[in-house]
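Below are two complexes that have chain A in common, paired first with chain B and then with chain C.
Here is the complex of A and B:
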């Protein structure tokens, strides 16, 4: 509890996490019905892998069906735009599946009828070189993750006004031996969520993986932010995948312009 | 589950496990950071779990360029075989409803690795203290029945205060009395499970408020040190520096980035 200047007593937020659960436990023991509701919710939240066109589930895990040595993951609109313009627009990429998921924050209420166009995650596989994104049980697998964060998340002893976003930082697992395309993320900066989950998995199970993190002050789709990922094109994972940089830049410009028109409905 | 860092699974039989509860002021976690950093403990594995929010960063205990690029995750295990100490550090909060499953997985690992005892460093909201507690030391301890015989005498000789029972339902005057640790996160759950599963467990906690909790963490490690003597107590060695505990490099910028000069 804390008192404000106006004399009201309010519940102060606790850095150690939410107190809700503790109060629930102390006040009321969980009934078997509560547990069943929770179990059903957990089942609904499961991630499902499907073939996009036919909406059928993939019988085997994606990595078993498509063995690969390089797995590139882009998280967020700028990272995805970079990968679509520079990588999947060069060469022939085949869509091999998508992941559907639902949780209580989704706007649709039913998991069964979530349309494939609403898939948040699509998997592509390079037809000419099937070793890129396929599965080779961990032995020669190398994972690259691309994502963005807001520059206010970046901590430095210098003043934040001296930072010039967008800039790239990297975090790599122990088994990733190649030199990164930019400087490593300095202490005490950390990464959460999906990129952290992927990197944690790779670090624990000794899979070589690298995360390229772009700190930017523009979170919506932005040309300058996407172009900040360009140094990654010289990495071993992406080298050779991009044939024509000027052409890719044109593809990117078109992508950004299309999105701009859609978002500026008041101008 | 425990996943070893190297090729083989380390033998932790007879070791003392130190771990934090994610609690008010993150005091337990700060205290474990001080212990790992001061004793220069080595990483021996990960406690890989889906119960904690994922997070990664570079080595929080880096002392030079060479050792600063090792990736750390949200739950890691460190050891100091010479003192038979093993430390589990938790670096993020629990996902809703996952704290109980975590406690179960943790205690099952403790049992299977044959640790001699578990010491949980924790904290509790200082505003919940009653009048007597306000006037006494802010440190408290709790023992599970399995550990009482072996540590009771030593603890008595230190004149420590045991955590008092309080009303289970504070507003009801004829409510039963039980152990309550508000703001203690999983401390109470671990204590209850420890009693039930006959685990040798000691809980050390301090009454704190949120804020700059570094002094609280230093206080808690000194309290632990009175008992375990993991480093030489300050008083004994006149040549020792004022602060025997080494703060890790990751404690920099705890209150944000540098300020823009234009502010002044």
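Here is the complex of A and C:
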């Protein structure tokens, strides 16, 4: 309560919440309408797994259908380019499904008709060795995550002129016993988003997993950044999956040139 | 620490860095490579041509520009900044000639460009020019010159240098291969420039542009055919040296 200049008593606005007994009940109670809206939203935000070619949804969860020993996740356009030119171009990889999801940050509002090219995650498995793929937390499963981050996120006590991006750093779970292909990520650097979620999950469920994080100064698809992932080819999980490196390099070059967005800022 | 001292150009950091100038040098590294070589009777400028969009007119994307009849330069970095610097330099060349009745010396115009760049590192509200330049030419005394400037406004004379994206690799190549024999005659100097660029250029001769100035002659831009023929000659030489090597080991 507060008094104004004219002597009237007015209720002072308070952001801490009203202490009055006459609480506004209407704002708090959930109407059936609200419940319905919330239900619809939850349905919209469901992650759907389906086969891209037939557009049928995968009835059996991918987890059970394709047990595997090695799971490799690439996040971001440079990591995906590396994987698609070096790994999936050697040997025959079959697409087994894709995951589609929608949330409020998506630009389209129509969830039913997301075009086939708008899958957020595509799953492949190696035809000749079906044990390589899957996300089921089984024994002998090893997970490799590849992703990129801008070098300005990298914190170090050394001068930034001593850094030569792109460079690779690794972060592994406790159960991962192999030596990584590059130096480990030092403190106080942290990992964000999906790679962090995957690693946390693996650490909790005691799955050996390693994240290879490439710090680069070019966030768009770039040949030099993708080639920075090359040391990972010598790791146990990727060895044997890459047959023909010169051919892969050609595939990569083609991928980069087709995706190059013309920019005239720098000459 | 950096984030508090890198916004304004006129603010030094506690350890003496001008971060905006250093960041401008990073912008230079985003441009494609340019290499300059000073021979005995020739100066050579070679650049990695950027791939042009299909509908774009190639002639408007030039990295090598003449500043006067006897001076030319190649740049790496922000295109628009380069255009402004080149225009100012060209005007200065003519203004000097009108005033002094002599053409500029290479060192004078380099100093002019460097002073211009330095001014922009010391006034408030401006940012440095994001380009490095390689300036070549012959003075009246007939001596060939090669200078390099950078966003901080410093300039130095070089025997051979490279700027831009893979400058480090090219410079290392030049340090190994710039010998008295390599620049013995004009053709050798041209070949050295092309070989330096072939180290980093992705698809061979068609992504290289070359310009030379010979003593008392105007700037000459090489055509694509001429560059191709040089590249083929270099590749042949390479094959022959490889054959000789394998014969020796066998």
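Convention: the second predicted complex is superposed on the first by the 215 of 267 C-alpha atoms of A that agree within 3 Å, B and C clash if a C-alpha of one lies under 4 Å from a C-alpha of the other, contacts with A are read in each partner's own complex, and residues count from 1 in each chain.
We adopt the following convention: a contact is a pair of C-beta atoms (placed from the backbone, for glycine too) under 8 Å apart; a residue touches a chain by one contact, two chains touch by 3 or more.
In this text the structure is predicted, and so the values were computed from the model without any measurement.
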Of the partners chain B and chain C, which touch A:196 in the superposed model: first, second, both, neither? first
If we overlay the two complexes on their shared chain A, which of chain B and chain C does A:169 touch? Say first, second, both or neither. neither
Touched chain A residues, chain B compared with chain C: B
So in the superposed three-chain picture, is A:217 touching just chain B, just chain C, both, or none of them (first/second/both/neither)? second
Tell me which partner A:149 touches in the superposition: chain B (first), chain C (second), both or neither. neither
Figure out whether A:38 sits in contact with chain B (first) or chain C (second), or with both, or with neither. first
Once chain A of both complexes is superposed, is A:70 in touch with chain B (first), chain C (second), both, or neither? neither
Contacts of A:161 with chain B and chain C, given as first, second, both or neither: both
Check the residue A:187 against both partner chains and state whether it touches chain B (first), chain C (second), both, or neither. first
May I ask you to decide whether A:204 touches chain B, chain C, both, or neither, giving the answer as first, second, both or neither? first
Indicate the residue numbers of chain A shared between its chain B interface and its chain C interface, in ascending order. 160-161
Which residues of chain A touch chain C in the complex? 160-161, 217, 253, 257, 260, 262, 264-267
Name, in rising order, each residue of chain C that touches chain A in their complex. 2, 22, 26-27, 30-32, 50-51, 53, 56, 61, 63, 75-80, 82, 202
State the interface residues of chain B toward chain A in the complex, per the touch definition above. 3, 22-26, 46, 48, 53-60, 62, 68-71, 73-74, 92-94, 96-97, 99, 127, 168, 180, 182-185, 188-189, 210, 249-254, 256-262
Hey, which residues of chain A end up touching chain B in the complex? 1, 12-22, 25-26, 38, 154-161, 171-174, 184-197, 199-200, 203-205, 211
